[in-house]
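Think of it as A, B, C and D in the order they're written, each chain with its own count starting at 1.
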Amino acid sequence: MQTLNWQDAVGMLQAIAKAIITSKPLLTDVDAKIGDGDHGIGMAKGMQKALDKLALLPNDSNVYGVFAAFGKAMLLSMGGASGVIFSSMFLDGAKEQPATEALNAPSFATMMAKGLQSIQARGKASIGDKTMVDALSPAVDAMIAFADDGYATMLRAAEKAAAEGVASTKAMVARFGRAKSLMERAIGFQDAGATSVHIMFAAMADYAESH
Amino acid sequence: MQTLNWQDAVGMLQAIAKAIITSKPLLTDVDAKIGDGDHGIGMAKGMQKALDKLALLPNDSNVYGVFAAFGKAMLLSMGGASGVIFSSMFLDGAKEQPATEALNAPSFATMMAKGLQSIQARGKASIGDKTMVDALSPAVDAMIAFADDGYATMLRAAEKAAAEGVASTKAMVARFGRAKSLMERAIGFQDAGATSVHIMFAAMADYAESH
Amino acid sequence: MYKKIINDPDHVVEELLEGFIAAHARYYEPVPGVNGVLLRQRRISKVTLVVGGGSGHEPMFAGFVGRGLADAAACGNVFASPDPGTICEVATAAHGGQGILFLYGNYAGDNLNFDLAEEMLGEEGIATAHVRVNDDCASAPKDRMDDRRGIAGDLFAIKIAGAACDAGLPLAQVKAVTEQALANLRSIGLATAPGRIPGAASPTFTLDADEIEYGLGIHGEPGIQRSKLASADALTTRLYAQIVADMPLSAGDEVCVLVNGLGSTPAMELYIVYRKLKAMLETDGVRIHGAEIGSYCTSMEMGGFSISLLKLDAQLKRYYDAPCYSPYYAKEGL
Amino acid sequence: MYKKIINDPDHVVEELLEGFIAAHARYYEPVPGVNGVLLRQRRISKVTLVVGGGSGHEPMFAGFVGRGLADAAACGNVFASPDPGTICEVATAAHGGQGILFLYGNYAGDNLNFDLAEEMLGEEGIATAHVRVNDDCASAPKDRMDDRRGIAGDLFAIKIAGAACDAGLPLAQVKAVTEQALANLRSIGLATAPGRIPGAASPTFTLDADEIEYGLGIHGEPGIQRSKLASADALTTRLYAQIVADMPLSAGDEVCVLVNGLGSTPAMELYIVYRKLKAMLETDGVRIHGAEIGSYCTSMEMGGFSISLLKLDAQLKRYYDAPCYSPYYAKEGL
């Protein structure tokens, strides 16, 4: 996969959605440890709505439109912190972009970097705060670093970076979300949102490698 | 023990009260099977109040007064079906009786028979209805039959009759109390109130045999 | 021993009432020496309504002492009728001179104790009468109405009786109106989890992970069938069918509805039940005049719910619509 | 899967609201297409109060839409903030033209979604403001007030804000009064048993037979300490001490008190807690002006309770005393 066209975008986002829906129990368990145990439910619901949206989306060839629609469907169906945060990941980097029929890897990386920026602007979380930013930020860095090597390489690198990010959250005290009231008691547990980010990048990397 | 004086009456009623208090968990379990599981709690509470009453009772030598005071303390502290029913057992046969310093076995049997009568007048239960009457009625019959053989023999006979009465309730469908809505599902379980009656007679028989 | 936020299991009722009367001191006063709750601003030129029964069903009974509701409540130990002394003290303190109607659930214990209290009050020349709530149509067949237990429908019985007292009816008529309410009232419930009596070592019954007790009583008395859990809609359909088999409803009838939680069941689930019940009533052409959804008559953390239907006639509707106020049941005038 | 009386875990909120609005149709109307509750007879010449948050805390939030209370509630999924689209729809439907105050618990999710909604409304020229309830003094130290969660004290915040709106104050002043209420409001709770989210395979946490979670949040967020169960009096003493360490009270102060059940805890236990709390306040010379005892802000069958204290000043007292009516919170005028 050299560039991402409308079909690819739909396929890749479908793969993300299915991976998250399959991981619903895992995400819920992870969130239950130090949060309120609903992360899997909210994410799966948002992904289902986004899948429904994709199924009805008219093919206008604009790749950004697919990401924006996917994010918007999440935003208007999920609620919760993750609704705004995770929808921004797809929506905020894609909205108001000029229509494109084929997205190359560097543009994709730029889109995701904008999403991350917006997430940090809204949520105020930085690296080390035990949130999904701890997975997304290194994943975006990796994408930028490997953008010239094409989708498969770039996304696998991002997936690995996200995995390391997830692992890094275990040692952290939370500064955002429900886990922050736990203070030191949160140490030893990974962040639920970061876990979702990793699952998403794994799905993207798999998709890119097989398409 | 040929006749029962004030001290004996207090001692015997104390023995009854302690036996019931000790059996609280058993009675509660029995009631839980087909009733609401509070029989042990109510009985133990009434017995504690009756014990407290006995501890403060001035010795006016009147034996009937001891039984009436015991029954009254139960009536005013227990509530529940068993409050009225079980207090009647002691109160209704003893109240409005001429003062007596020594109660012989036949008079004791008569007192208990009056109590039974009153219980049946109030509660409308007959033999076979799966209530405490199924233990008390044969016990009273046995007391009357053995009244001339003195307290020990009379009360042991009553205790045995009560035990058989308890056993007989297992085969019955309940017509009173909370178990009646169970219909056939009550079969196989003994009645809680009958169980209490047997415990009381066992305590009385033990007391008579050792005094 | 199950976790309870209490001090001493033998004193839960005294402490509960102390807290209850203090928290709502604007409305209530205690009855010295016994477990009772008395309305402060009770009217005297009307029949006095005294309710009562075992504790552990909070807010039933004390929570329905109020303007347009009961004048006083006599409170027994957990799941045990109050004793006759308590009933007499409470009734005497509340009595406004026009006689007393006792309204309580039809249980052996309550019947015996309230009867004894009525005897004692009669000896003092106080006119009394009683109505025994027997709304639970799962507790005995229709030809044995006198054997049926009272459950959450008590709420409607108190509402109607209280309004009838306030309307100035004499004792015999208040009793007649209340009996008419009961003739038109049916309830049935089911449990998903048992109650926990303070001080008791084990719950009032046990259920497997997928089991419910269908038709059970509010003290954990076993019901008419141990069934499997089903969807809210399926359970509601079954309960509704059982009520209308017992008290037929026709198109054009008007009813009041109560969906009562037994203690630990979230309001969320009660509303999901109501949603289905309403749909079925609408299908049958029955109009819902009023709906109460909440845990009004509980059973010590029991899980589950009951449904009650009160079929209205012109008179019952008028009394149902009368305003009332207690901390647990407030109705604005219409 | 825990026993729930539901149909489909993915549709509990829709079905709950359908039942809720139908049951209280005299007072409420739906907001087409989204999960919201709108007061029917809302006044238009005043600031509009919109509350909201995750579902699963019933009767909070929708149950406090009413006369003298909130004008509308935006309802999220169980334990998840409503999305910005829902908030906008609800707010727009409720808006009376004098601006909107959003009042909700201080959680990351709610903050993000309500902020986005305010952005969207601002683009349409609607004046908005928000106050985030942060009464839980166990959720962060005093120097990090902005990190504290909102729990049951929400009830008092809604009461005061609703009365301030009704008094005709402009938006900025309604906000200021509500902030003053929060400055004077502290809560803390403990759990004896976890909540159960519909569709979740396991409870929100687990506790040993003699354990409690002290200081926990209303979504089952772990508290500040896992402790042993103790007597009601001992637990209440500990919670009270923690509140007054955070918000000192002096002899002569007046407070309103809320003892809130988290779901499955019987009213009996809440009143036993109140009894002790009252005794301690009296010892400290603090006057109790009003007391609410009940399960107002629940957590899906969670066992346990919280205590909230609202320290009154003349203004807060006046707004607290204003009459209000919702099916869950009715106050007669004084």
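Operating definition for what follows: contacts are C-beta pairs under 8 Å (C-beta built on N, C-alpha and C of every residue); 3 or more make two chains touch, one makes a residue touch a chain.
Nothing here was measured: the structure is a model prediction, and the numbers come from that model.
Path length between chain A and chain B in the touching-chain graph (shortest route): 3.
Counting contacting C-beta pairs between every two chains, the top pair is C-D. Ranking every chain by how far its Cα centroid lies from the centroid of chain D, the top place goes to B. Computed from the mean C-alpha positions, the centre of chain A lies at a distance of 32 Å from the centre of chain D.
Distance between chain centres (mean CA atoms), chain B to chain D: 53 Å. Under the stated contact rule, the graph of chain-to-chain touches is a line, running from one end chain to the other without closing. In summary, the structure contains touching chain pairs A-D, B-C, C-D.
Only residues 10, 54, 76-86, 107-109, 112-113, 115-116, 138-140, 147, 149, 197, 199-202, 204-205, 217, 219-224 of chain D touch chain A when the two sit together in their complex.
Note for the complex: chain A touches chain D at residues 25, 28-29, 32, 34-38, 41-42, 45, 75-85, 122-123, 176-182, 185. Chain D contributes residues 3-7, 12, 15-20, 22-24, 55-56, 58-59, 63, 192-193, 198, 209-210, 212, 229, 231-233, 235, 259, 263-275, 278, 291, 293, 295, 298, 300-301, 303-305, 325, 330, 332 to its touches with chain C in the complex.
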